[in-house]
Each structure stands twice: as structure tokens, then as C-alpha cells.
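Here subunit A shows up in two complexes: once beside subunit B, once beside subunit C.
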Partner chain A sequence: MLHIKNLTKRYSEKTVVDDVSFSIPKGKVISLIGPNGAGKSTVMGMISRLIAKDAGVVEFEGRDLSAWNSKELSKRLAILTQSNNIQMKLTVKELVTFGRFPYSGNHINEEDERIIQRAISYMELEEFQDRFIDELSGGQRQRAYIAMVIAQDTEYILLDEPTNNLDIYHATNMMKIVRRLCDELGKTVILVLHEINYAAFYSDYICAFVNGKIARFGTVEEVITKENLSEIYGVNFEIQTIAGKPLSIYY
Partner chain B sequence: MLKSKHITLGLFFMLAILSVVSLFVGVIDLNLRTLLQGDIEHLEIFLISRLPRLLAILCTGVGMSVAGLIMQQLCMNKFVSPSTGATISSAQFGILLALLFMPSSSLWGRALFAFAAAILGTWAFVYFIQKIQFKDVVMVPLVGIMFGNIIGGVTSYLAYKFEMTQALSSWLVGHFSLVIKGRYEIVYLVLPLVVLAFIFAGHFNIVGMGRDFSQNLGVNYNIVLFFGISIAAMITASVVVVVGSISYIGLIVPNVVAMFKGDNIKGTLLDTALFGGIFVLVCDMIGRVLIAPYELPIELIVGIVGSIIFVALLFYRLKNGRRSIRLKPSGSGCNTAPVMQGGQCE
Partner chain C sequence: MNAAVKKANQKKIAVLIALTVVASVLYLFVSVNMKYFEYAMSLRAPKLIVMLITAFCIGSASIVFQSIINNTIVTPCLLGMNSLYTLIHTAVVFFLGSGSLIARNTNLSFVVDLVLMGCSATLIYSYLFKKTNHNMLYVLLVGTIMSTFFSSIQTTLTRVMDPNEYDSLLATLVASFSNVNASIVAVSLVLMAIIIVALRRELALLDVITLGKDQAINLGVDYDKTIRRLLLGVTLFIAIATAMVGPVSFMGLIVANLSRQLFKTYRHTYLILGSGLIGMLILVGGQLIVEHVFTYSVPISVFITVGGGIYFLYLLLKQRRA
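Up next, the complex of A and B:
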């Protein structure tokens, strides 16, 4: 389980994340939403140890994150951000192979090889596996990174704005992949999202941030209401139920 | 993958043949028959001068290109190398300090100074570019060149002031003519360092993908960065102490190999090392043959050949974007035209 208690982050005098506490339910998709500068990405960074916290506890499986051995943690929890070096000439297969690094280092064994191939075919990348990632389209490259995370075989997957820079087709596909990671592979997926409707349609829980604090946390139906969203984003919202999900229109 | 193994083998044989040829190029005509007949004089030349020279050349070529490859990966910039990352000038500064403060120091004493200075200088450079986070790829090597020139300027100033220019000149322009038995063995330090680079190839690759990426895989970004940069600096320092400054190798060799084989260090390190050896060996032979019985310093030949290759690389990039040269026959989705990413050279 992942429990976040009194998490705080300050940059010089400005408090970006202010005393945030919540628990992440296992085996679900949880989206962190909120306006720019609300602190959602910073919270994600602290949950995944990429950003050092100033106060509070991130308790992962009963132990604080800082007490975890980095290698052990990387077998349990994976994080994908948008800050990777995309200039690197690595083939898709080489990239996915990195996912086995916490287990086997530089020496990939047969089982690793099987896991790598399974991850590649799960992301339907077989025909691209010998292509260089810098020659792929944005959507294909994003899928290659997800394949790497699948090969990493963690229970928790954290994705920082996975639909960024993708067109509607690829962004929607990415969200469907997120859903499959949870439903088919049993992963707990935590996302930072800007698109409220993607969050509403594809997540189980939503955590909305405003000014470094949690404004609302609950199931999609609890959080995505006209009043809540108007308050969080400061614009007018209308909610319509489509395919059983509360989707929003803002103006 | 079959074909890329062939390339490695081809490079290996080429290096082996050139090595043998290089042993028999020189002022005094050596040949296999007199050597085997046990001609003492010829045997001595062979063991005291020719063989050490060949070994020094190989260590230089292998070392400088591997150092360049590590630096390019860790700094995520294709234009960073020992010469554009202030490593060589720092090593020279270290040698000057050794000459100033310990005039009677042995080669090993100077090597120690060069090691320390090269490591510190390169760390300073890397720390700086990490802090600033330049958006423009060309800014990084430019800063490195400026930084190197500042250190070089201080070196020259001190050398003039203490009348050391004569003594220092041997380390400013790289040449192999002083490589004889007994005063080049430090260059062997390159070998264990290159082996270390082989062992940690995967770590360097992961760090080259970025800080978040490394942390996700449980790799400590700062420690690997520190460690890798130190290895590259030590390789460079061992070469500079024995041979002097040789530019371009660390810049060009890894780039040429990467164009054919990509950036996976595990797959390219061996080819980079072999190609580096061939490159320096060929340049050395040109320098020895052109104005025989005299010889041109290797730095001069490498400079000319290197800049020609460098310009060719730039033109290729301008014309083809970031596309690499395909080795495998186009199949499995390779036959579609790769995405062009403008004329930007990395």
C-alpha cells in the first residue's frame, strides 16, 4: 500500500505542496488533476522519489520510501516522466531491455528475454523493435516506454502527463493502455493528467489539487461534479453522463 | 545482427594487419627475416622503439575514443569529448604544476598531478553544464572549449613566467617520437580503465537517458556520472602524460561508429575502441611516411584528417537529418523513410 502523510515541499519561501495526506488504493487507476502550479506533478515526484520531500512520509508497503533500497524499489514501483533524452539512438528492444536492469543488470537471461518479448508484443511493437526510438512517432515512442515499464514488472506505475504532445488518436490509445495495465495486468496506475475527461473516463479515483492542497479526493462520481470542478478550476462547468461516465464541458 | 558482428570482425582484422605493418615502417629497415635470424641490433630497435610505439598508439586510439564515448553519453551531447570538455587542457595544467612544484618528479609523479587536474577540471565542466542546462546542443561544447582555453591560458602564462614553455611543449602537441621502452608504460593504465568502461556500459547508457530515467531503474545518477567522468578523465590523463594532447579522436570516432551502430554502448564500445586504434595507427603511419626520414607529429595529422571527417559528418547530418546509416537490409518495418528531424545536427 502507498500512504502519503503530511507531505510538504517548499521552493525557497513558496510552499508548493502543503501538508498533503491520502492513501492510494491498490489495483486501481488514480488520476491527479488540477490547474497549473497546483502541485500535482510535485506530489507525483515525491511519491516516486524523484523529488526530495521537505516534510512528511511516503509509506510504501509499511516502510518510508527513503528507507527503501533503490534497486528493490525499482522492482516494485516505476515512474515515467517526459524528461527522457529522446536524442539517444537506441532501438525499441534495447530500451525495453533496460526495464530488466533492476533484476539482471547487464546480463540478460532467457527469462528476461521472454519478459521483454512479451512486453513488446503487448504494446504491439514487434515490427518496430529494431527501429531507433528517435525515428519513431510520438505515440510509438510513448508505447515503447510503456513496454519498458511493463518489462520492469512493478506493481505500481506512475505516469507524469502521458498524453502530453500526443494527438487525440494517440492520447486516447494511451489512456486505453493505462486501463489495460490496470484491468489485465493488475497494476496500480497513478497519473498526472491535464485532460479532465480522460481522467473521468479512464480512472477509478481522482485526486484534485489546488494551491498545493488536496481539494477533493474520491471516486470519479464523487469528484467530477459541476460544483467541485467550478470551484477547482474557477470556470463554468456542465456535466453530462456519457457511457455511464460524468464527462464535462467547460466554457 | 549478423552483419554488425562482421563489422566488428572486419575492424579487428584491419587493426591486426595495420599493427603488423606499422611495426615495419620506420627509418631503419626492419624485416621479419633479420629479426628471426636474431640480429641483436634490429631486435633491440624492435623491442625498445617499434613495439612500444605500436602499443602506445593502440592505447591512445582505444583510450581516447572510449573516453569520448563515455563523455558523450553521460553529458547527453554528441559534441563533448576530452578536447571539447576541458579534460586535455586540465591534464596539461596538472603536468605544468608537477614541473613547477616538483621539478625532479618522475613520470609517475607528473601522471598523478595530471590525473587529479584532469578529473577536477572535467568535474567542474560537467557540474557547470548540469547547473545551467543549456537548451542549445552547440552551447555545451562551446562552453567546454572556452573553459579549456581559459585553463590553457593560465597554463601558458605560468609556463612563460617560470620559463617552462620549452619543457611543456612536449605535452602540448601530441607525438609518438619520444615513446621508447621505459617511459611510456603509464599509458597501459588505459587498459584497466577501458575494461571498467565495458563493465559499466549499461549504467552509462541509462544515465545518458536522463536523471528521472536512471532513478526509475534504481541507478544512482550522480554516482555513475561522477564515476564515468572520472574514468574518462583518467584515461585522457594517462594518454596526455605520455603522448601529449591529441584532439578530435574522442570526438570523431564515437560519432562515426554511432552513425552505423546506434548508441547502445554495449554494442558500440568494442567497435569504437577498434576504430579508434585504426584511426590513430593510420594517422601515425601517414605522419611517418610523408616526410621520411623525419616525421610529423601525430597531432598535426589527426587534426587534418579529423577536421575533414568532421566536416563530412556535419554535411551528412545536414543532408540526412539524424538518420543513421542502415546496415541491415530493409525489412521488418525499416523500409519506410525515417522521420526527418530538420537539419539539426544532434
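Up next, the complex of A and C:
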């Protein structure tokens, strides 16, 4: 289980995350939404130890995150951010192979090799596996990174704006993959999203942030209401139920 | 890495080793007067060894430095060791005179260089890195400012210096492989071995570090500590090379990038070895030409700097097109 208690982050005088507490249910898809600067990415960064917290506790499996050995943690929790600029010549397969680093270091054994191949075929990347990362399209590259996270074989997967810079075809595919990671592979997926409708359609829980605080946290139906969204984003909303999900129209 | 690429890279390493051996043998034996064979060897062998060590130091340090900064057109020159070396030597001649013990005794001046550079490296690049919350850009900025600061002091000193003193100083400010003796070589080798052994764990993490900070942390690397230790190692390697032969500025950039172009891999075992070997080839081959074709009329650092400058422009233009 992942419990977040009184998490706080300040940049000089400005408090960007202010006393945030919530618990992440296991085996579900949880989306963090909110306007720009609400602190959702910072919360994600602190949960994944990429950003140092100023106060509070991130309790993972009963122990504070900072008490974990970084290598052990990397077998349990994976994070994928948007800042992935690699200067090296790296093929898709080599990238996915890095997912096994926490387990086997630089020496890959046969079992690792099997897991890597499974991750590549799960992401339907077989035909690209010997191509260089920098020669792929944005959607393919994103899938290669997801394959690496799958090879890392963690219970928790954190994705920071995975649909960023993708067109609607690839973004929708990305969200379907997120759903499959949860339903088929039993992973807990936590993602930061800007598109409210993707969050509403593909996640189980939604946590909405405003000004560094949690505005609403609950199931999709509880959070995605006309009143809530208007309050969070400060614009007019209409909610329509399509395929059993509350989808929003804003103007 | 698939088997074919691995084999090709191993072959490239083998070819580089063979070429380096050929260059070394040529350097030792070209136009040796057999009558004075032993005397010639006593001059050439230490010089060869010094060149090989320097090349390895600069080559490996440059690759590691580029990888930890995640930028392939930086050189460890940015750390300011060259200008610190120049400043130390100028200050010694200025305050103590060119006849002083430190200026004349190569062993002593080597120790002074090494201690001063080592201490400032530890202070600046280990302590400061921690203080600035592990911000690499701050460290580079500080390095650049330090370089300028040291050079300014050095220029001021040479302006007011006695011209005769300046003349004798100038000789020590150009990279030279001649005034190095066996004890200096031994000390350098021991220090290098200690650094490599101390950093063996961090060196194994280099491949992962090239994925960037976020990915490296995600894969369980203690990023800040690893970078800090590697950075210190790089600075010490450069300090050793500089204390031994003087400023060899552009060479790091050339050899590191040639190695990256040749091997097209992220595997640092190949990159570091390749970079070291290419460095050896350039230094030994260059010195061979300087000694036998130009008969010492042009120092090798001129070739390296001119060649390095042209290559740097080429890299910039190529990056812009890509």
C-alpha cells in the first residue's frame, strides 16, 4: 500500500504542495488531475523519490520511502517522466533491457531475456526492436519506454503525463495500454493527466488538485460532477454520460 | 547488444590496439643509431610511457565527463584544471623565481601541482556540488568562472614579470613529454589504479546514467552520489595528466567523439577503451611526425589544438543539421 501523509513542498517562499494526504488503492488506475501549477506533477515526483520532499511521509509497504534501499524500491515502483532525452545511440531492445537493471545489473540472464521479449511483444514492438530510439515516432518511442517499465516488473507504475505530445489516436492507445497494465497485469497505475475525459473514461479513482491541495478524491463518479469540475477549473462544465462514464464538455 | 555488433566492436578494439602497438614500436625504433641504442631507448621509452598514460587519462576522463553531463561536445577543460596549472607555475616563477627549488625540481613541482589541483578539485567539485543541491550546471559555471579567474591572475603576473623569467616560464606552460622521470610515472600509475578501484561500482553504472537523471533514479541508482564521485574521479584524472605533461586541452574532445563515432554504442567499456586507444594513437603518432618530419619545429600541442578546433566546428555544424 502507498499512503501519503502531510506531504509538503516549498520552492523558496512559494508552497506548491501543501499538506497533502491520501492513500492509493492497490490494483487500480488513479489519475491526478487539476489546472496548471496545482502541484500534481510535484506530488508524483515526491511519491517516486525524484523530487525531495520538505515535509510529510510517503509510506510504501509500511516503510517511509527514504528508508528504502533505492535498488529494492526500483523493483517495486517504476516512474516514467517526460524528460527522456537520450544522447546515446540506443536501440529499442537495449532500452527495454535496462528495465532489468535493478535485478541483474549489466549482466542479463536467460530469464531476463524472456521477460524482455515478452515486454517487447506485449507492446507490439517486435519489428522495431533493433531500430534506434531517436529514429522512432513519438508514439512508438512512448511504447518503447512503457515496454521498459513492463520489463522492470514493478507492482506500481507512475506515469507523468503519458499522453503529452501524442495525437488522439496514439493518446487513446496509450490510455488503453494503461487500462491493460492494470486489468491484465494487475499493476497499480498512477498517472498525471491533463485531459479530464481520458481520466474519467480510463481510471478507477481521480484525485483533483487545486493550489497544492487536494480538492476532491474519490471514484470517477464521485469526482466528475458539474459542480466539482467548475469549482476546480473555474470554467463552465456540462457532464454527459456516455458508455456509462461521465464525460465532460467545457467551454 | 546483439552478437554481430558486439563482434564488430571487439574487432575495432583489436585493430586499435594493433595500430597503437605499431605506432609505439615505430616511435621507439625509427632511425635509431644502433651504436647508441641504449641511450636512445633511455630517452624514448619513458616518453612513450608518459604519452600512453596521458592519452588514457584524458581519453577515459573525457568520455566519463561527457556521459555524466549528458552532452557530447563538452570537454573536461571546462573544469579549469589547465588554467590552474598555468597559474601555479606562473606564481612559482613570479614569487620564488625560476631558479627556485620548486621550479627546477620536476618531482617537487609535480607533487605541488598534484596536491594543489587535487585539493581544489575535491573542494570545488565535491563540496560545491553537494552545496548547490547537485546542480551540474552550477558546477560547470563555477568551472568556467574559475578558469577565467585563474587566467586573469596569470596574465597579470606575466605582465609585471621579468622578461627573462617569463622566457623560462613559457617552456613549462606548453605540453611536453620530455621532462618526466620514472618516479613520477610510478606515482601517477598508482594514483590512477587507486581511483579506478575506488570508483569501480560507479563506473559500472555509467551505462544507466546515460539514460538521464530520472531514469537512472527509477532504475535504483543513487544518482547524486554517483555523479559526485565520478566527477571527482574525472577531475583527479585530468589533474594527474596535466601535472605530468602540462595543458593538453582539446585532445579530450577529439578522442571522445571519435570513439563515439567509431563504436556507436552506449556501452562504456568500449567507449572508454576506444577513447583511450585513439588518444594513444594520436599522441604517439603525432609525436612521431613532430620528431621525424618537422624535427621539433612545431610542438604537438599545436597540431592537437588546430585539429581539435576544426573537429569541434565540424561537430557543431553536424549537430545543427541533425
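Odds and ends about this structure:
Note that the second predicted complex is superposed on the first by the 249 of 251 C-alpha atoms of A that agree within 3 Å, B and C clash if a C-alpha of one lies under 4 Å from a C-alpha of the other, contacts with A are read in each partner's own complex, and residues count from 1 in each chain.
Everything that follows uses one rule, which is that a residue touches a chain if its C-beta (ideal position, glycine included) is under 8 Å from a C-beta of that chain, and two chains touch if they have at least 3 such contacts.
Predicted, not measured: the structure shown is a model, and the values here were computed from it.
After superposition onto subunit A, the partners subunit B and subunit C occupy overlapping space and clash.
Once the two complexes are laid over each other on the shared chain, residue contacts for A:Glu135 go to subunit B alone; subunit C is not touched. In the superposition on chain A, contact of A:Thr15 is made with neither subunit B nor subunit C. Of the two partner chains placed around the shared chain by superposition, subunit B and subunit C are both touched by A:Leu73. Put subunit B and subunit C next to each other and count what each touches on subunit A; the higher total goes to B. Legend: residue contacts after superposition of the two complexes on their common chain; A:Glu127 is shown touching subunit B, with no touch to subunit C.
In the superposition on chain A, contact is made by A:Arg49 with both subunit B and subunit C. Shared-chain residue A:Glu94: touches subunit B and subunit C both. Common to the subunit B and subunit C contact sets on subunit A are residues 48-50, 70-75, 78-81, 83-85, 87-90, 94, 98-99, 101-102, 105-106, 130, 152.
Subunit A makes touch with subunit C in their complex at residues 48-50, 70-75, 78-81, 83-90, 93-94, 98-99, 101-102, 105-106, 130, 152.
Remark: subunit A residues 48-50, 69-75, 78-81, 83-85, 87-91, 94, 98-99, 101-102, 105-106, 127-128, 130-132, 134-137, 152 touch subunit B in the complex. The part of subunit B that touches subunit A in the complex is made up of residues 76, 78, 199, 201-202, 205-206, 208-213, 215-220, 258, 262-264, 266-267, 322-324, 328, 332-334, 338-339, 341, 346.
Those residues of subunit C lying in contact with subunit A across their complex are 1-2, 70-72, 204, 207-208, 210-215, 217-222, 264-266.
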